[in-house]
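One chain, chain A, appears in both complexes that follow, with chain B as partner in the first and chain C in the second.
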Partner chain A sequence: MNASSAVSKTVGGPPGRAPVYALVGNPNCGKSTLFNALTGLKQKVGNYPGVTVEKKVGTAYSQHGQPMPVIDLPGAYSLAARSPDEAVTRDMLLGRRLDTAAPDRILCIVDASNLERNLYLVHQILDLGRPVIVVLNMMDLAAKAGVRIKVERLEKELGIPVIPCEAAHGRGLIELKLAMSRPDLPLPRHRWDIPSPIAPAVSELQASLLENDRKAPLSARAEALLLLTDQDSVRVAGSTPLSSRTTDILQSWKVRWEGQGVDWAATLVASRYDAIARLCADVLERGTPEQEGASLSDRIDGVVTHPVWGWLVLGGLMGALFLSIFTLAEYPMTWIDDHIAQAADAVKAAMPPGDLRDLITDGAIAGVGGVLIFLPQILILFFFIGLLESTGYMARAAFIMDRLMSRVGLNGKSFIPLLSSYACAIPGIMATRTIEDAKDRLVTILVAPLMSCSARLPVYLLMIAALVPGDTIPVGTKVGLMLLMYALGTSAAFGFAWLFKRTLLKGEPPLMIMELPPYRLPRVRDVILQMVERGGLFLRRAGTLILGISIVLWFLSTYPKAPEGATAQAQMAHSFAGQAGQLIEPVIRPLGFDWQIGIGLIASFAAREVFVSTMGVVFNAQSDADDTAPLRQALASARWPDGAPLFTPLVCLTLMIFYVFAMQCVSTIAVVRRETNSWRWPLFQLAYMTGTAWVVCFAVASIGRLLGY
Partner chain B sequence: MSGPISLSKLALGQQAVLRSFPPAGAAFLRLREMGLLPGTRLILVRQAPLGDPLEIEVRGYRLSLRRAEAECILVDPDSPS
Partner chain C sequence: MPSSSQSSAPSALVPLCQLLAGASGRVHELAGAGAFRERIRELGLGESTMVTKVSGQSPVICRINGTRIALSHGAASQILVEPFGGAS
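Up next, the complex of A and B:
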């Protein structure tokens, strides 16, 4: 028997290619951990529901080296999706997505320590009529809780392979891969009697879906069942709306049931849980948990959600984060700074003076170097956020913040995207997919970029350093200033959320149904991987986007050449970049900024940290000396034409405030465009954020000048 | 104890059996799908520092929901033994 005939025997799999597997399960049951273990990829893992919000494709290899495509999906409690992330999973499984076909086989991941609820989704998946492998993950936790699962019995009852495993510890993977590479998988033996008042409706809908909506025979029954519980199905049934015939059938049944007092959705759910209860009675043995009394998780929660300690913990964590950004990062930063300067000097010594040498030192090295030295801070920030995410604290933060969030009309679930936006608004905006209500989600997207992201760190840090020349500012003041910027951005986010919920996007106060997972010891590997991944992204940006912009900027600031003998500043003013800066100077002059800062503002529209590299290019190009001075000294010696210092403390502060508010990030605009499906919201966001930035900066600059700064 | 009370009226740490939901509402359907059905045992574990939301334990896992929803859910509290 040759390989291709073996493959063509695959049930539900297409002949001639390996079957595609989809990983499906409740949120936080370990799908991404398993996906990483199977494929060697580095999907983000965290201990709260809703980490994964988009599909991700990878390849696992069987014991014989056969490639098997695997798709990681967002977690879902039910196929009756209630939020955009669950809809991704539903649409994928039902083949409603235009970009990817439905998977051939399904890996159903189940949290063994929480079997009953997890089996609800499994029960729905079995309706799909595709080959399924059930993976009992977190067997270690089940054992700790005193739960024993009779695996063979479960296998026999369902008629499909059931594989116990511990994804986080790599146990059970070989058995799983063996099952996955089986050429033929049995179809589930799914004995489930649809409750009698509903069964005829399901058959009728199924027939109509087949005939009038051209649904695949495999999924028509599941689609029919879904129509009865998924409020959304009718509205967003993929690309094509339901045929009027099917809608009519559905409607007439609903009218009939209402007359008879049948709550069809509740009946369906209850009957599934009845089937699950019967199954669990057979396969579950509850012993005594390993430890008696309050669990460790509970004791931690006693502190973390305590009316007093809870807030202290939250505040303490934030304080510790910013303190470590300043203190721990000091040494690696000086080291990087010195090496960048040495590199620039080495190039200067090795090459004859000329435009090419200047391009390398003043364009590439000054630009990229200026951003690169903030790598340690970025790493610390991501390490911290990774710790919060992988312990389970995120869900608690959402829990204790919910009340405050509800004051502005949002809910605790919006807190997680907002908190992730401290790292970067893009994953933050993606994370809003877990929010059920469309308006709440939009409001959260609109305000998320106000949370100070890591790309602002370089700007803040540079400005704080430039505030007072030399190293005379105590750490406390630096941390205080920094916290002030974060507080400013955060309160603005909440304020605008309140405003938007009141005016543009009025809606009901949203619900807050959220699972609180038990605390877990963070897997160091996950946290470090995440940190390295983000650090790598930062470096890649420095090496591509920032390098590119720095070089372009160097050209724009070198040409056209001023007449022979002009000063460096006159050359800058004469150049394209200088002309652009002068063009916007009238607009930013009231804020206390000159055209040179204007160049930075324009260039950093692409990404905020470009401001720092631009200042590197603009001001280092002007220092004629052969030594590369640290940027902050160059800034300190920058002058207005009348000789007054340019970067006064007031200007530094105003600049920081500008970056708190202004929407200076092309990638965010692109993501908002994609997530909201229109240009309207990103443009609105750009306008309101940059408008606010100007107004607040103008107020600060005016008041500051009045006070004599 | 006598008669069903609303879930939000339970004392912290008190066990109860769910009696009934309001008939309609998408939120309550999701709670059903997450295993809160008439007859299910639950414990009110704690409340958030500001009094809202609540945390309950049901079928071995922890769930948070707002008081506003909890008020619509009727439960039969266990009589304190």
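Up next, the complex of A and C:
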């Protein structure tokens, strides 16, 4: 270590509390692995570049057991942000975010086998005026590639601790924690000179940032440099805007340089690269790599990115995914179903009849049970997506899909968000943060909820069950209808993307460039942990939101009480729920839906799967003979007032199609509002999706009736 | 890696998309918009980087310093490389 290095003063972090660390680094440099190793906090480990888009905070412990908060920032190649997740990293480090204070110290993790490229971000971070620890990760891979790094030399040149480590094998972590525990850390030394035509502008901007924007003295210089190289500053919600004085100075310099023909951004970037090249010449020794020629990853890529084989592999994987959802899940589903019925029977046997017993059996147990049963399928879906992310295949899939996506004006980066949306639109929409182009991102957000999410599965399955007579549904019919629904949603997503890119959000898709992580064996433990975490979220929803809604709906369909002696049907019509359903019946009548289905449609806004539990409450309330009768039989016996069956095959089909298109999810609306920072887009999305649903369903219902169904 | 190229006799520049699979070259020039060039450099594909093409038309996959970068055909056509050994 170089505590004696003259120029750098030492900084001990804030008095009275432990220093807050931020963890930054390029994508795929092992940042998530290091974060897990340091904090022990389990989080998503993916291979797809930029999978870490959420703010993640954990706690590492110093050698004396003092807790040190660590914030895991999204991976970035540079501070010149190109996408919203990179903008989060930039704004956090510069202290621009209103919601979180700037970190006291920075842990900068570097892929040692690719030092030169990684140093670009390091170089920008050294400018920030905060204590930095550089972590040289993947030293084993560097050695294999024949790269030797003179660590002491690098430490001396940068003036800060440099810790070699192998996070995946737990090597170097003790040394790192020791460095993190130091009460004082040296500030990095600036070893590069700003090119002379640019230097006066940097000092002028720096002064204005200090005075007008109240920036810290050292980070003001970094911010001034960044203002000059930011091509198109990505602004995200929660970051503070610049003062008008600083903006004016920036503008006037740009005008002056344009007149003189100075390419300020390129000059600055080039001088940084020169400084890095000089540094690398000092600290890097290149020997011969252990392995020459095509590696295993290259050979796998030869197959999976092949113009023909690539599609077959992708198609095969997707086929296997959907097949296992519908076959493997059957056994646990039957098991859950039986136990729910047993629970309801047990309550019935133990309690005297009355409103309270009905609340527990028809409200709570039937409502939550109707959703719980789909947990196995949801877990399988999450497991598959996690497995593919963990092996590194997902990045390839994005590239294969780029060929297809570019036809509708999107690029391959929209593939992961859209695929995630098959599980749930919310993580899908959040995954769009890695899309660089703002318009591409917005289009992806707008169409993502058209991908059939797992919340629709319960509705589809119930409707398929009601559609096909008999107790056992042939697997072929089930899978066929299900695939039809998925295909309908997917083609609608692509169709609308194409439409939006040509009308509302015109623009050229950016050229696609992406790092492909090496293939590795999936870490099954991480995949399972992630699956359990996501499954737990779903369960918590079932346990809280859906339980609440089930009880509220039971209440709304039980009160106000109809006069004594009224039939169950009359009671339902008399209740609050019945009144709301009747209110919207004129609108949905042309689709073949009655007010009872209307109740389900309204309740679905809480979450689509609530439709199933709502139907459970609505129709169980009417069947007085056997309360625990399967919902399907209850639906089959549902009638219009004139005695015609309600759930005809045509109505079941129309209802499924309605669910394919309609935007019925308050949580998604809230997320879109947050991600687009306006009400305009979520409301537009609600209108176009639900409007499409009505039109398509009306067409299907009319044609069906004409054909005599 | 053929570290000694014939820099004295510069061979014709070709866009990366036309480099033969398995061939190596040195990045000579980046075309395209400023933001695109900067991103390419950040990914380690800057001028004078040694690049080996692994495979493909679209995507084009190439290896730089042990990392694999995938580019769409359009992106690869903006990167002009000087092939080693006069390949392509």
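Structure notes:
Operating definition for what follows: the second predicted complex is superposed on the first by the 611 of 709 C-alpha atoms of A that agree within 3 Å, B and C clash if a C-alpha of one lies under 4 Å from a C-alpha of the other, contacts with A are read in each partner's own complex, and residues count from 1 in each chain.
In this text, a contact is a pair of C-beta atoms (placed from the backbone, for glycine too) under 8 Å apart; a residue touches a chain by one contact, two chains touch by 3 or more.
Every value quoted in this text rests on a predicted model; they were computed, and no experiment measured them.
By the touch criterion stated above, A:E515 is placed in contact with chain B and with chain C alike. In the superposition on chain A, contact is made by A:A266 with both chain B and chain C. In the superposition on chain A, A:D301 contacts both chain B and chain C. In the superposed pair of complexes, A:L141 makes contact with chain C only, with no contact to chain B. Within the superposed three-chain model, A:L404 lies in touch with chain B and out of touch with chain C [touch as defined at top].
When both complexes are overlaid on chain A, the residue A:F576 reaches neither chain B nor chain C.
In the superposition on chain A, A:F605 makes contact with neither chain B nor chain C. Touch criterion not met for A:F555: it reaches neither chain B nor chain C.
Residues 77-78, 80, 82, 113-114, 116-117, 120, 145, 229, 231, 265-266, 269, 273, 298, 301-302, 305, 307, 399-400, 402-403, 406, 411-412, 511-518 of chain A lie in contact with chain B in one complex and with chain C in the other. Touching chain B in their complex are the following residues of chain A: 77-78, 80, 82, 113-114, 116-117, 120, 145, 229, 231, 263, 265-266, 269-270, 273, 298, 301-302, 305-308, 310-311, 399-400, 402-404, 406, 411-412, 509, 511-518.
Every residue of chain C that touches chain A in the complex is listed here, in rising order: 1, 32, 34-36, 38-44, 46, 54-59, 61, 63-72, 74-75, 78.
Note for the complex: chain B touches chain A at residues 21, 23, 26-27, 29-35, 37-38, 45-46, 48-53, 55, 59-66, 68-69.
Note for the complex: chain A touches chain C at residues 28, 77-78, 80, 82, 111, 113-114, 116-117, 120, 141, 145, 229, 231-232, 265-266, 269, 273, 289, 294, 297-298, 301-302, 305, 307, 395-396, 399-400, 402-403, 406, 411-412, 510-518.
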